[in-house]
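Take a look at the structures below.
After this come two complexes, each holding subunit A, first together with subunit B and then together with subunit C.
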Partner chain A sequence: MKHILRRKVLLFCCVVALLLAWTVTGNAAISGVKGKTFNLTAKSGYITTPDGNNIFMWGYALNGGTMQYPGPTLIVNQGAVVTVRLTNQLSVPVSITFPGQGEVTATGGIPGLLAREAPPGATVEYQFRVSQPGTYMYHSGTRPELQIEMGLVGAIIVRPMVGGTVITGQAYTHPDSQFDHQYLFLLTELDPHIHTLVEQGRMNEFNNTVVHAEYWMINGRAAPDTLLATNDPTLPSQPYGSIVMAHPREKVLMRIISAGRDPHPFHNHGNHATLIAHDGRLLESVPGAGADLGERHFTTNAVPGETYDLIFTWTGENMGWDFYGHTDPTGAGLTGAACVAAGVPLESGEPLENHCKPIPVSLPTQDALTFGQFYSGSPFLGALGALPPGEGGFNPNGGYFFMWHSHAERELTNFDIFPGGMLTFLILEHPNVVLSVP
Partner chain B sequence: MKGRRFRCLIMLSLFFFLFRAPLEAAVTIQCPGDTNGDGISEDPNIECMHLAAGDGFAKMSDGYDMYILGFTDVTGVPADQVMTQALLKMEIAAPTIVAHEGKNFYLTLSNVGMVMRPDLFDPHTVHWHGFPNAATIFDGEPMASLAINMQSSFTYYYKVPDPGTYIYHCHVEATEHMQMGMLGNLYVLPKQNDLADGTLLNGFTHHTGYKYVYNDGDGSTYYDVEYPIQIQTYASNFHDAHINVQPLPFAAMFDDYPTFNGRTYPDTINPTSIMNKDGNPSQKVSSLITATRGQKILLRLSSLATIDTHTLGIIGMNMKVVGKDAHILRNPAGLNLYYQTNSLALGGGESYDVILDTSAVEAGTYFLYARNLNHMSNRTQDQAGMITEIVIQ
Partner chain C sequence: MVKHLIIKSLKQILVTALFLMGIVSVSSALTVNLQSGVVKKTMPDGKVVRMWGFGRVGGAITVPGPVITVPPGDTTLTINLTNNLLVPVSVVIPGQAAALQPVWVDSLNNLTGLGARPNGDVTSRVRSFTQETAPGATTTYTWTNLKPGTYLYQSGTDPAVQVQMGLYGALRQNTAVNQAYTDASTQFNKELVLLYSEIHSQLHDAVALGQYGPGTAMPSAIHYDPEYFLVNGTPFSYGKSPVPTPPINPGEKVLLRFLNAGLMDHVPVLQGPVMRGIAEDGNPMANQLRQYSLYLQPGKTKDVLIAPAKAGYYGIYDRRLIGLTNKKQAPGGLLTYLKVASVTQHALNVGKAGTGSGSVAVNSAPGGIDCGTNCSETYNAGTIISLIATPDFGSKFIGWSGSVSGIDPTITVIMDSAKNVTANFVPASPMRVVQPNGGEIVLKGSVQTISWEYNGNPGSYVRIELLRNGSVYTIIANQVPIGSNGVGSFAWTVPPQIPSVGQYTVRVISTSNNNYKDVSDNPFAVQ
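For the complex of A and B:
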């Protein structure tokens, strides 16, 4: 494969790689705030969309800081008694409900319909014990039909504990939930007209029966902003990115939260994923059985208010050709173990049966094709190939990019511009590439 | 204005086809083992198909001539005749792809261009929705790989994976091309169908000709007849804007032609092809479900709706759900998790395999329909959306 590396492409790609690795490096953890006590402030602010729009929002800010959408991801340990103190800097009462958490007590504030509320300028305190690990959300319990739309929503991740210690690399106490990387996909939609009404103080004109979303978000961002780094400085109120990175055979935990008003059938390209939990409960037939009622999906219809945990792994098995592009040096058509014996070692985790099998079709000339910006120029994982000037260029390591997106395809647009909306990518990298999830 | 624009388009397209510059690219078909040029490989382990992608018109049950982008089957058509033969012949649903587990499948896609939109130069792809362990080059998602330009071909290869019901569609400018009709049924038949006569499957005796949804090992997914039912929904405001070269209403698209396999009731129960305004068969896939009392009917349900989640219901008969997303409903310990239901919700991109056991029902006509009641009609007709009939004789 080396012979197809083009120096210029490589140089350009190195620059892109540096840009991609701009902020945080290391293994893929979900960005958020850990602890037991959280001070949140409900306040207003603005988010931006990739088409250049500024949208007025209400959101939960951490420790009186910047309004953010979604609210801070609260990462807590199973068994902890969690205190959430909400201070209201908005002109309307607000509150928080914690679906899936039992026995929430609230002090301060005033009684509300779904939760105790903080009037403007006041503070209300919620306390609950998180008994079960898993993926949850929190959101306003005050006019939720308006306030969730306005941005008062966030994720809670409860980490499993056994014998007083956190089990890292696992979503639940059972090993069926083991993962190498975990990613959050909090799905919402947004109707900018409502936000304009609220910003102009015309809240009484809001009609909950007439809502037409124009933007669809993952973790508060519409594509292609979903592919910007977490804590990207150009998106101060939308801190959470959603690029997914993994190597072949690594387990990726997808934590999907459907936080808006519409269902979003979430389709993961590349391979099937196993649904292991729903609303923070492992899909098990009896306690301790593991995720034995889990299903293999290629689309998870994330309906409003539900959360889903899935394990995704790309193995490259049964493809019928060698996706690393190994070739038999003898020219005799050796494959599998014979090719290894001829001096071509397997990559880590590579399926033996397809080792050194050539790609079964011949590719047409470049003028027959249009290339995507995430195409490496080569069909092989970890390889780069020649591309026409100006094409490709955003795939410096020759990874496989797989779109993970809402399959309600209307939602792949930003105010009538395609592509955008509820889509992100899994970047599957060669085993030798050190992952640096931005 | 409209007429003038239309004449303009015709002139442009004439100009385009008469004076187009010769390109190096051309229709090329890859089907290893095809020695006589009929598009079918003589090698029993190789399956081939050739699809053309382009535009055309569909005819809806109220007479609406809907402009579509789509696919048509040109398997066996000589390469130098594909460009002319396939023009304006596109179909909804796209031609059904039936593959056999473990075979080497070569799908050639040729882009014949869009006659009615000569201002567009859109490439096309086939996304093998749900095929496990994809490589980007054959995944058909153009941002991460490549798409096929007009007058050109590309051959996709898959070692056909696990049996079950999949979907295919074009992934180029996915919202537009999918709303415009580039959607089709795709399913994989299991190796268990090919067992020797008399093979015992855990108490169930297999006989030649028996068909199963999965390699179930116990005959529990046996069926007599199968029908693919694909939810496809079309928004006339989008299609009209497209043919009139207007900005496309993405957020405002409004599905007023909710269909099964590209037809609204009663066209769904027409056993023959629906012909479009040019006299071409534009909707070949009937949704009429017929069986003899006692037979087991497999419905391969899938949705490629671009907006809504749909609930399908049947009155008078239960569905046994045996698979979802091309996986048998069975836990790791081997326990079947099949369930009975008379309604099933599908979001876009999902598929289910359900079996109807007709041994306990009376002969007669039953209805399969969308419980999204607004989708039981189309723009101008009531009782003319996602409705079809199950006729038990």
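For the complex of A and C:
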């Protein structure tokens, strides 16, 4: 709770109008393209950053469409034989490698060092069987130290199958991986100087040992653009948002992909999360044991090239007060089961021990508060309170905001300006607020 | 050698038998005579780095030092270190218990104590983690309670400098023959050591010139900016063969011992077979997790098992990306291949012919040829490789002959039989456009550098032409000074009005001798 009060003062004033879109609808799922056969095109384009920069990129486009960063999230089913056809519209050879996918066969193009490559204008086709469910990535296998930086990277999600049926709401075949909502956090960083060199045809000046990132991204966007909706029309080459929405007690699957070159300590506020899988493998002591080796923590050291799956649940436990604002109707100070018996039912996911416990402070008057756009005017979940004219407005449902971000604080900047970078929010909403289903 | 092995295994059997019978508690000892000294390493881009390294007495100094293999069951290791450097050195093995004798010095590097910190002394610093070997001297280091596993041995003296300089190596010990640790799940058929390290050449240059240390151009090792990244002492280049020994056969269990003697973290990613982690820092894992990547921090050792089912070449690359070049040269660094041998192998022999000169390299997995000097390699049957011919300055490539034919400098060769391939070079214009040379995207209105190289005496001036779709579109400049010392350049303001559609190249031609001319190898784009 301390965090809510502290963080809500962040002022993301540049996105006023756009924020209203997601606060109402949300996108409680991972956006991507489902299927077995994918046609990708490597091409150039531009992304924008919240500080107004335009950055030249290379990216994978879907079906010859717009260059996008990161590339399309490929959602496939376990056991499928996946075909990825890559057509190269860049002026340098490119390719794709699929870490963790075992044997990949390739046709077309020319042999390369880590994958068969498509020379400029050519097409190469990759095929592999996805034997294991989980979270994976794909990226260029050609000069990866340059081409990943330039944007040739994307996510793969393999959905678990049992008996020929996709198990929905589960990341792996074991129920320890059940979730209510799933979100993708593909972490990258970006050194705009390199992009300028490539754009200006000075690629030979690129020095891989001297790279200094200035932007840190989640799903290809730096904050506060991370908070814009998926497929926001103002970000045509950065389709994927990363706002997280959930109700109390719901299981949120965090799929973290560290896709850049630096490790990032990705930190989730609100509650600990349980790391259940790494590199697309459940943390199990023996096959079938479930995530019995799972670790609970609040920072994932996301090492480049690796993937992590975590289950996060906001419980509201140990707060010592009723965050729904229930009060004992008898005035006798009844709490917990006694308050239920007195006719005040529990809300969904509410900890019984806090039921009807009053907030242990006297609420300050308006003239004692500094407001932020995320404050609803009330400390209680789903409640709205009076606000001075012009205050609040980004929190129409009275949700709680928890910042999820890189804990390397310099990564919370856009070209040296705080706040920004690798930062998004969990918005915890009242159970009555409808979130879209994954 | 055979006799030696027999004796060793007999001894092993005897020791094991006695041990199992409970008759006697046996410990055997390994003695290694090591020396330290100077060795020069040439990087793929030509940079010569003067390093310090370990070697066996009577053998060569290498970086990393020789792999020390402790036989299973041995509990004592003795290293007799002879120091052929001009500074004191020592040897420590992080993770192996030993009675250390730290060396304490004052601010003038004068010895103030050995072992415990001198009583009442709060200003002395530790120069060495344990007793030093003075220049020219020999010191014995002993470990009496050895623990199986994978370990780094390294200098314990001024390690901020000496480890960087190259004083490191791998030490390994199995619990039993072909079994890494006590648990039977750690049995294997073959084992490989993959030791990662880095070179910050500025330090080596400074040390060589006596320009390292307080009051010099490089006062400390705090600034660390490595440009070269090595696997078992060698950065990747086309001419380097895949990890060669021992050959792995399909279906065999392979123990990979990863060690990081560098100062940066790396993330080796293995293509193909999944890795099962069995140990970290020589400690067996309670739970052997499967992963395709390995977070390998400085000073770390990690052991994994793989079981590649099919013949092929499996790439291992640094997903941290920093380690994938040799300075600015790509590809390079921490890229290597495991060769899982097929039943049939075929040789590829590359030759060069003609009155010109050049080189031929295998520029696809797994490399192995850079001819140059390394002109033949044996590949798994069916391997498809790409060869690239690069003419020397003043020559040009005119085509392939032998088992293949074609005029494109890049050609694909399928190793379905032994192949002999010859690249033909003839003399060409002693002038070369360096930039733009293809692939660039040039912005209208921007200022672009056009640069060229020449050899000999082309006269005083060049004319620079812009070619669109192969024919002259405009003259960029008429009387441009040729340059000096074989290189010239011109700052070109790209005209805003030229069309974006088209294949653009630049031609540089001497105004007095039109034998001196060259065009960009490939088109660039104008946007």
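Operating definition for what follows: the second predicted complex is superposed on the first by the 399 of 438 C-alpha atoms of A that agree within 3 Å, B and C clash if a C-alpha of one lies under 4 Å from a C-alpha of the other, contacts with A are read in each partner's own complex, and residues count from 1 in each chain.
Operating definition for what follows: a residue touches a chain if its C-beta (ideal position, glycine included) is under 8 Å from a C-beta of that chain, and two chains touch if they have at least 3 such contacts.
Only a predicted model underlies this, so the values are computations on that prediction, with no experimental measurement involved.
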item	value
Partners on subunit A (subunit B, subunit C) - clash or fit	fit
Touching partner for A:Pro263 - first (subunit B), second (subunit C), both, neither	both
Subunit B versus subunit C as contact partner of A:Gly343, first or second or both or neither	neither
Included angle at subunit A between vectors to subunit C and subunit B, based on C-alpha centres and rounded to the nearest 10 degrees	80
Which of subunit B and subunit C A:Val303 touches, first, second, both or neither	both
First (subunit B), second (subunit C), both or neither touched by A:Glu295	first
Touching partner for A:Phe418 - first (subunit B), second (subunit C), both, neither	first
Contacts of A:Pro99 with subunit B and subunit C, given as first, second, both or neither	second
First (subunit B), second (subunit C), both or neither touched by A:Val210	second
Contacts of A:Pro389 with subunit B and subunit C, given as first, second, both or neither	neither
Between subunit B and subunit C, more extensive residue contact with subunit A	B
Which of subunit B and subunit C A:Ala368 touches, first, second, both or neither	first
Where subunit B and subunit C come nearest after superposition, their Cα distance in Å	5
Shared contact residues on subunit A - subunit B and subunit C	263, 285, 293, 303
Contact set on subunit B toward subunit A in their complex	23-25, 28, 30, 32, 104, 106, 123, 129-130, 132-137, 139, 141-149, 152-159, 161, 173-176, 178-179, 247-253, 303, 305-309, 324-327, 329, 331-333, 335, 337, 345-350
Residue numbers on subunit C that touch subunit A, as the complex places them	225-227, 265, 267, 269, 271-274, 287, 289-293, 295, 310, 315, 317, 319-322, 324-325, 327-328, 330-331, 335, 363-365, 367, 384-386, 410, 412, 435-436, 438-443, 446, 448, 522, 524-525
Subunit B-touching residues of subunit A, taken from the complex the two chains share	212-214, 263-265, 267, 269-272, 285, 292-299, 301, 303, 314-321, 323, 359-365, 367-375, 379, 381, 400-403, 406-410, 412-413, 415-419, 425
Subunit C partner contacts - residues on subunit A that touch it in the complex	44, 91-92, 97, 99-100, 102-103, 110-114, 143-146, 148-149, 198-204, 206-211, 261, 263, 278-281, 283, 285, 293, 303-306
